[in-house]
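This report concerns only the one structure given below.
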Amino acid sequence: GAEEETKTETKTEAKTETVDESEWEIVIVPKDATNPWFVRMNEGVEEYKKVSGLNIYQKGTPEIDATLQSQLIADLIASGVDAICVVPVDPASLEPVLKQAREAGIIVIAHEGASLENIDYDIEAFSNDAYGAFIMDNLAAAMGEEGVYTTMVGHVTNASHNEWADGGVAHQKANYPNMTLLEAEPRVESEDNGDVAYQTAKELLKKYSELKGIMGTSSYDSPGVARAIEELGLTGKVATAGTGLPAANAEILKSGAVNALTLWDPALAGQAMAAMAVKMLRGEEITDNCDLNVEGYRNLTFKPGSDKVFEGQGWIVINKENVDSFGF
Amino acid sequence: MLSKITNRISTVIKNDIYITRLIALMLIWLVFMGFFRFEKFYTVINFQTMAAQFPEFGLMAFGIMLCMILGGIDLSVVGVANFAAIVGAITLKKIVGVDGEMLGIAIPIVFIVGIIIGAMAGAVNGFLISIINIPPILATLGTFELFTGIAIVLTKGKAISGIPFGFSEAITGRLFGLIPIQLLIFLAMALVITFLVTKTTYGKKLYLTGTNITAAKFSGVKTTKIIIKTYMISGISASLGGLIMLANYNSARAGYGTVYTLQCVLIVVLGGINPSGGKGKISGVILAIFVLQMLASGLNKIPEISSFYIPLIWGGVLVAVMVMNYFTENKKIKL
Amino acid sequence: MAQNVLKAVDIKKSFTGVQALKGVTLEIRPGEIHCLAGENGSGKSTLIKVISGVYTPEGGHVEYDGKSYKKITPIEAILNGVQVIYQDFSIFPNLSVMENLAFNTELASKSKLVNKKRMRKIAEEAIDKIKFEVDLDAKVGELPVASKQLVAICRALMFNAKLIIMDEPTTALTRKEINALFKIILDLKAQGIAILFVSHKLDEVFEISERFTILRSGELVFKGNTKDLDDKKFSYYMTGREIQIEPFEPKLTKQTKMLEVKNLTLNGYFYDVSFSVSKGEILGISGILGSGRTELALSLFGIRVVDSGIIKINGKEVAINSPTVAMENGIGYVPEDRLTEGLFLQQSIGDNIIISEIDNLTGKFGILDERKQSEEIQKWVKELSIATPNPDNACNTLSGGNQQRVVLAKWLARDLKVLILNGPSVGVDIGSKYDIHHILKKLADSGLAIIIISDDIPEVMSLSSKILIMRDGKISNTFEPSETTIHEITAQMV
Amino acid sequence: MSIRLKKLLRHNEFYIFVVILLLSFLIQSRSGQFYTPNNIVDIIAALIVPGLFAIGAFMVIVSGGIDISFPALASLSIYTTTRILVDIDYQGGILLPLVLTIIFGAVLGAVNGFLISRFKLQPLIVTLGVASMFRGFMQGVLKSVQIAVIPKGMSEFGTSSLFVAKNMETGLTSRMPTAIIILIITLVVVYFILNHTMYGRGLYAIGGNEISAERAGFNVKRIKFFLYVMVGIISSLAGLIRVSMMTQCHPTNMLGMEMMIIAGVVLGGVAITGGAGTLKGCMLGTILIIIVQNSLILMGIPTFWQGFFLGMLIIVGTGVSALQVKRLNSPKKGKGGDKYA
């Protein structure tokens, strides 16, 4: 109602003649906060805060849950922050609340949320499809580009994992004709839990002796699968690839249980979102090929056909050679 | 009139130590927020936001409350809510065109469908508990898995999105631009349940069956019917929660709101409902819902405090209240 | 000095709003059989709990063998030779007879490990004392009530007790078992063990006790020898009023048959039972435990469903397969165990009264009519003189006799044709018992058909217009009270 | 002979055993992979952690209580242990981690024990609140994050094995973790405590009738207190084994296991009202849950259907035993009911 409108007005006013940047409040909302992934993102955000001197912080929910995340954002809207940068648990579920945010004049930047509509911009280290394809390339290389494989996700209800997996499968169909997806169990769950990933992989490998590869998505998948491969005495015969942070996976990479893991640095992704928000708050124009002054995000290009989704070049492949060189 | 109300309030405070404590707790928190985050907490929009947030889990808590008064528990509420939301979403997509025609008919239909789903799910729980005699904690844990399982099978685990925005707009809108519709649904259900519990024979039978089911049977109460009815109301309440979730997130998925189960049990227990049955008031539960919401929203406004402290505070408050009750009750006995 | 095994001096104890004991003194001499009597709620159980260390008194002290305690724990009391057989027996239904019997000894000897052999020996000795035959490995919960009680008694006996306290030990026993128990008690006395006995059954009390302590409202009103008392004095001390017991003579003679059953059979419990009750009649059914009398009552109320036979109400045949159907046909049932089956102890007295007629206390749209409710509650509280300051109080604030009246009120509030009472005065003191009998007679005279099931023969004799004796699931005899004696009936029961 | 058979038929354990057998035949026929040496070893290995949790849950349920805090307790205890050891760069063997987890487990268990025994609070409420507190403490105060590299002593213990089972046909191998010894020792100790000590009988006695137990002279408060301490220790051991076997410490991934564990215990014929049930039944129930959770893929049930099947199992499993109890309690025909021997 009226309340909001006046609020929006004062905000736009403030924006045009702004000087006092210290009054800005920029919040990064991750999926959750225990996952080392977002702990790493927080490191990036904190560093950015120090360097820029602005009021930027990360605030997560106590558990990974789409509803909690939406409520957190609603609370942030109510407390009148200036920009919200979000890594959605489930993009679809955030549309209404992000719509409210934008109506309240808040800048909304997303990451891993290319499908979102109610945002200013989305920054992808690269697209979900491309990311899935990338993991698939790693898996294919490890499998010698042939044999039966399947995909593993945290939960079948997890949005990005399933998009990556879909992307991977599509990529395989187009590029690796000698590989086939396991028809009977095309997608299994790890429940975002290394132990479940391990048990599930064991079962798969027992039941389907033809299975030669498992594509992981959650950062718990590949390590768990690797443990199973190793224990069943299948090292070298069955391969896995997936997402994972270097430090957590150094040992399995070195032992050869996993050939390669893919990721982008979440710290940099956090910084990129913050940088984009600052740029917008300062009223700078956002164009194709824009430079956020963050490594991997120096030349952001619009995803073909979109004027909201930017894609960067932030991915990294880690393998046994380079795993110790990242420092996280 | 006013004196009558204050009189009433003062008797409530005297009579119900739980409620007094919850009010005290809420006041302390409100004062705390006043001191440290006045300008962020005490705004109309903040209260509107909070009022739009708690209805979804508040409705689920109502269900658990009724079952607990009966001496049982309903752990399936989140499963029922998601299931109802998913079926509601499918219905909505079927009826409403992309440009939003037929919305006027669709909304009531979605609500009817959701409520039917909730009632049926509740009937299954009631059947398993009253006729098969499965302990409620296990029966509803099983049906939680079952309903969630069916929801996953229906959706292949994906979110149902692309739902016509009209539904979400209608439910997340505000009456007179002020009062969130979600809150109205919550209040309506609160009124219905309060009415059922305090003004009808069902309510009396509910409490008495919860106190001593054998004596209830010997008094001619149809306990099987009461149990089934109660779990059905719980299911309906949960399904309304699910429909509000559908509106709030404009999508439905089998995995939403998994944290609500434990949270609702906490709310209900803190609201003064005794898990062994026969005791407790809806007003306590409503207060507990408010307290939790204010705590969560308040903490979200203080970046320095991690939201991980919420479970710590919440669990601590629960234990502290129980210990305080021990002391007050013992003092009474010693006189 | 130690001329008393136990001396409780000037004991005071109060609960929320109730002073249960207002300075009571109790002395027990070695080897005596002492009776503690008093109306419901007069403080007997409370006094026992103080002696045995369950409650801490607010005033006074307890002396065991001359040692004085202000406060004592249950285990200390046991070590001082006090054993209590509680009314609920305090058994472990989930454990074997052997364990139930041996635990106390084992715990007192502070053994940490379970020695099955030793436990079996202890248990065998224990049951041997009263020649109680039971499978030591059976679960106590699966035993019949009387056996449960015998387990509790054996447990107390085997201990090297100086004083055994029995809170209403005979409630669940038949006459034969009571005789056996009394023999045991005399036996114990001979060994120098003192017995403190609480009972509401007058005949028993006089038969066995040597000395009396009578309480009224938490105060000591009489202390002395049995020979100084007679029935009349005793009742007077207990109740503070004169009580005259008269036999029942139905005023409505030869009325229509209200309830008629023919060849009723519930396999395993009772067979071919036929009888009828008319308006204004009180039918007494007696028999030992296990004779099928409780199952018969439960079948008439629809909790159990009979295998064959006919039930007619007011001449019309009905199939009673649930309490609801029974109630629709005007049958009410006061259960045997009022605490677990009859009452909602934590709920208000008022709710307990109106629950069975709640569906009639509604106004428009099925909304509860508060005025009707409270009128109804007030009416019954007054009619049955239920002693409570406020019917909103929880039911567990009432004493046994008053609780029984609440159960009665619950049924009378409905428009009944037949009222079945299973043990109408179990654990109820003579004053209340008298009142309840009076109420029942009045009800019969106003046209109700009443069935009472009881093994309290004097009660059956004074109340009934006809008496049926059940044995092994069959009706073995029918008596007119005027044409028989207590002795004859007792003989017929076993 | 026939009496024995009758006795057997009255035991719930027997039925679960039959169900497990039937299920295993089903899995065998659908996959050919149940009765293989490596699969059996796998199932036993998967049983270690839930098995330990179940033992703790079982003891509490027997005493008439319920504990839903054990996963949170185990998480906090093992996280603290690992954190400390990593921070001091501990290089030694498993002994110190073992001692530390036992101490933390005992202390945390004592929190439950103190609240429940001292204030006579309802176990469900206490453990609900305490679980929430433990979790909040771990994540809020200790700022827990995943510890990817755990001390060598722990990971060596977790990955060491007693023997390796090999499936000759497929060549697949499975290791029998050394940690199974802890489960076996715990089983033996708890069996001894429950059946051969007055303390253990006291647990059953309290579960049967708490007031009677007090009157009989059991020190109910102390028994309950030590019960929760013991359960704290057993749960913590489970946590230690879980982390050691995974060779990394994820602070929250045990949370939420409580309901399945309790379901397994009750499935094993342990009365949720307390006082009745055997360790054998408790383990059988847990095994049944583990087999189902770990064999859905072997049975060829697609991932999407797994929740559905798990729900059905709980309902049908507990339903069958509930009906069994109902049948036992209903009047037995032809038997003289209340007859006094």
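Which chain is which? They are A, B, C and D, in the order written, and residues in each are numbered from 1.
Everything that follows uses one rule, which is that a contact is a pair of C-beta atoms (placed from the backbone, for glycine too) under 8 Å apart; a residue touches a chain by one contact, two chains touch by 3 or more.
On a predicted model such as this, the values are computed, not experimentally measured, just so you know.
S.K.: Centre to centre, using CA atoms, which chain is the farthest one from chain D?
M.R.: In terms of C-alpha centroids, the chain at the greatest distance from chain D is C.
S.K.: Find the geometric centre of each of chain B and chain D from their Cα atoms only, then give the gap between the two centres in Å, rounded to an integer.
M.R.: Computed value for the inter-centroid distance: 31 Å.
S.K.: Distance between chain C and chain D based on Cα centroids, please, to the nearest Å.
M.R.: Taking the mean C-alpha position of each chain, the two centres sit 44 Å apart.
S.K.: Averaging only over C-alpha atoms, locate the centres of chain A and chain D and give their separation in whole Å.
M.R.: Centres of chain A and chain D (C-alpha means) sit 36 Å apart.
S.K.: Which chain D residues reach two or more other chains?
M.R.: Residue numbers touching two or more other chains: 136, 139, 304, 306.
S.K.: So which stretches of chain B touch two or more other chains?
M.R.: In chain B, residues 152, 156-157, 254, 306, 308, 310-311 touch at least two other chains, as defined above.
S.K.: Going through chain A residue by residue, note those that touch at least 2 other chains and give them in order.
M.R.: Residues 33, 62, 156.
S.K.: Which pairs of chains touch each other?
M.R.: A-B, A-D, B-C, B-D, C-D
S.K.: Using the touch definition from the top, list the residues of chain B that touch chain A in their complex.
M.R.: Where chain B meets chain A, its residues are 37, 40-41, 43-46, 48-50, 52-53, 56, 152, 156-159, 161, 168, 172, 174, 177-178, 245, 247-251, 253-260, 296-297, 300-301, 303, 306-308, 310-311.
S.K.: With touch defined as at the start, can you tell me which chain D residues reach chain A in the complex?
M.R.: Those residues of chain D that touch chain A are 31, 33, 36, 38-39, 42, 46, 136, 139, 144-146, 148-149, 166, 170-175, 242, 245-248, 250-253, 293-298, 300, 302-304, 306.
S.K.: Considering only the defined contacts, which chain C positions touch chain D in the complex?
M.R.: 52, 54, 74-75, 78, 84, 86, 89-95, 99, 103-104, 106-108, 111-114, 133-135, 141, 144-147, 177, 266-269, 288-290, 292, 294-295, 304
S.K.: What residues on chain A touch chain B, complex-wise?
M.R.: Listed in rising order, the residues are 1-4, 7, 27, 33, 57, 59-63, 65-68, 70-72, 74-80, 90, 92-97, 155-159, 162.
S.K.: Which positions of chain B touch chain C when the two form their complex?
M.R.: So the residues of chain B in touch with chain C come to 199-201, 203-205, 207-208, 211-212, 214-222, 278-279, 332-333, 335.
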